[in-house]
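Report on the following structure.
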Amino acid sequence: MKITTFIGSSREESNSEILADLVTKDINHTKIDLKNLSIQPIHDLRHADGGFQLVDDDYDTIINAFLESDLIIFSTPIYWYTMSGIMKNMIDRLSHAIRDERFPQFKEKIKSVDAIVVAVGGDDPKIKGLPLIQQFKYTFDFLNMRFSSYIIGEGNKPGDILQDQQAVEQANLLNKQLKKL
Amino acid sequence: MKITTFIGSSREESNSEILADLVTKDINHTKIDLKNLSIQPIHDLRHADGGFQLVDDDYDTIINAFLESDLIIFSTPIYWYTMSGIMKNMIDRLSHAIRDERFPQFKEKIKSVDAIVVAVGGDDPKIKGLPLIQQFKYTFDFLNMRFSSYIIGEGNKPGDILQDQQAVEQANLLNKQLKKL
Amino acid sequence: MKITTFIGSSREESNSEILADLVTKDINHTKIDLKNLSIQPIHDLRHADGGFQLVDDDYDTIINAFLESDLIIFSTPIYWYTMSGIMKNMIDRLSHAIRDERFPQFKEKIKSVDAIVVAVGGDDPKIKGLPLIQQFKYTFDFLNMRFSSYIIGEGNKPGDILQDQQAVEQANLLNKQLKKL
Amino acid sequence: MKITTFIGSSREESNSEILADLVTKDINHTKIDLKNLSIQPIHDLRHADGGFQLVDDDYDTIINAFLESDLIIFSTPIYWYTMSGIMKNMIDRLSHAIRDERFPQFKEKIKSVDAIVVAVGGDDPKIKGLPLIQQFKYTFDFLNMRFSSYIIGEGNKPGDILQDQQAVEQANLLNKQLKKL
């Protein structure tokens, strides 16, 4: 099984990355750190003559990761109660991807991709992070991806997440389950 | 009353802009079109030595708009069930703004700012847009801003929004109410 | 078009009833006042030998209303951020209805029924009432009913709802649209 | 620490009860099975002359449990995406309790009560049960109770819940944490 983790934090050693690392511990996987890529915001040209235009940035890296994965882990800090802006820009660009003639197989392929969300926030995330989970659900439904599970962790300062026993245990359990696949 | 509208769409004549324009029709206001500004994604340095660093982009335009307004209208298309990436990047940068020594009055000032959200989406937005409204609520609560009202409209192709009678009537009513203030 | 309104309030002249009455003003419809019926809480016997048992209460009145309607309006006060207990008991009993051999056509018939929700609450209902709307959506999806629209109004004391201009206008617009059908 | 569990299921050996039992395993606690009590739906008399009237049912059992507990566990099946009708009727009656002259200390006392929610459903509960969690949050906020944690489990047939490893582990962890208090 090919696993890709998208890291949506702007920090090094972020809590959301630490938690995602527990999920993939000792499992072969690819990690894509969005803060090191250049992903332009979407320019919505769905209804424009000519449709979407090629953008010269790291978009193809994202698309290829979707195409080559069986499982994608979306690891994001909760900034202002939803995903980080850099992860949002990546998600927004999917509007292009599902219409991109260069990747005609995209829409069909991702139907077989499973998704896991790992989100960490500092302000009551297990309540205030729930709308984010609902949005990921709607997104995966639209793409016909299977939302296999999510973990919401609590943390502010780097490393805090390791104090959230519930989140750590959930990550460890998920790790164990992934190893069996 | 000083009103600012932030336009979060990437399109010209977007449905969310049209709907926001109905709200401010014949009312003096400032419109800030985010697609014409350069707003970098946040680099979260809350816990780093030295804290946030000055970023050379159009951030000050946003901050000054917050400082000078009595009412801010957040007009955004619903992309993937939440706000557009360019609006998210703007919101994310508020984490810097509330700690920015160059704007020591920011946190206090925005407590007196009212907020209106105008969001338009194409996939069952009056249901699937609700998590977005909840996130704006949490955000305004955090900033102690008053969430005075919101309108969710439905539309895909440019101009569609004018067929959503309910949204149009809500915008017209809000316009009438704002004129009385 | 046959319209039934279920009234879920425990009060006379409740705000949620007043608002629902605006929706059906001058339109032929049937009103079922749940506080005047006896509807027992569900006894979940889905997995018990023999399945659900006949309960001697006003359940058939509810089922027949579902069977005979083209549009059902669920009018409920928002008690503790969700529907009233008497409306919940009615909804819960649908678990029996969809398995009731006495009404084999039930499941198929309700697929053609439209649903409108009219909910009025006193504590920031346009935000805190949103989970209730999401739950109705899930319910209608499960039953394959079409969730045609909803109105959330604000009010505490009897009659307050008439001060909520937005809700009143939405009700009037819906009334106009229903008259055209 | 005094712990009370309210059981909201209508079944014997329900999944939500089994999961709640794991939380309180080997811990002294009181269990109140709502299906064995008679709790009338609320009659909202907040704004009526004379206010709420005494209802001759098992209401006092509920109120005394609130008054005597340090921690209350709300264990409910997810029926139609929210709590069961019998639990809803109990919650609704709190509108009386906070105004009941026979229990003048109620409002103050419950501020020191912690709350845990244990909910089990059969239709994608970890997503579709989230509005229920949000409603409990609003309810506890209104009452100034602390929402200390929640577990959402999946199960349909009696006993299914024991297959939901994640929920079982969360319950076991919570059990360990409660034992330390």
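Order of writing sets the chain letters: A, B, C and D. Residues in each chain are counted from 1.
By our rule, a residue touches a chain if its C-beta (ideal position, glycine included) is under 8 Å from a C-beta of that chain, and two chains touch if they have at least 3 such contacts.
Keep in mind it's a predicted model, so treat the numbers as computed, not measured.
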{"item": "Label of the chain whose CA centroid is most distant from the centroid of chain C", "value": "A"}
{"item": "Centre-of-Cα separation between chain D and chain C, whole angstrom", "value": "24"}
{"item": "Centroid spacing, where centroids are CA-atom means, of chain B and chain C in whole angstrom", "value": "34"}
{"item": "Distance between the centres, which are taken as Cα means, of chain D and chain B, whole angstrom", "value": "38"}
{"item": "Per-residue multi-chain contacts in chain A, two or more chains", "value": "130, 134"}
{"item": "Chain contact topology (line, ring, star, complete or other)", "value": "ring"}
{"item": "Chain-to-chain touches, reported pairwise for every pair that qualifies", "value": "A-B, A-D, B-C, C-D"}
{"item": "Residue numbers on chain A that touch chain B, as the complex places them", "value": "9-11, 14, 35, 41-44, 46-47, 77, 79-86, 88-89, 91-92, 94-95, 123, 128, 130-132, 134-135, 138-139, 142, 156-158"}
{"item": "Complex contacts: residues of chain A adjacent to chain D", "value": "126-127, 130, 133-134, 137, 147, 149-150, 165-166, 169-170, 173, 177"}
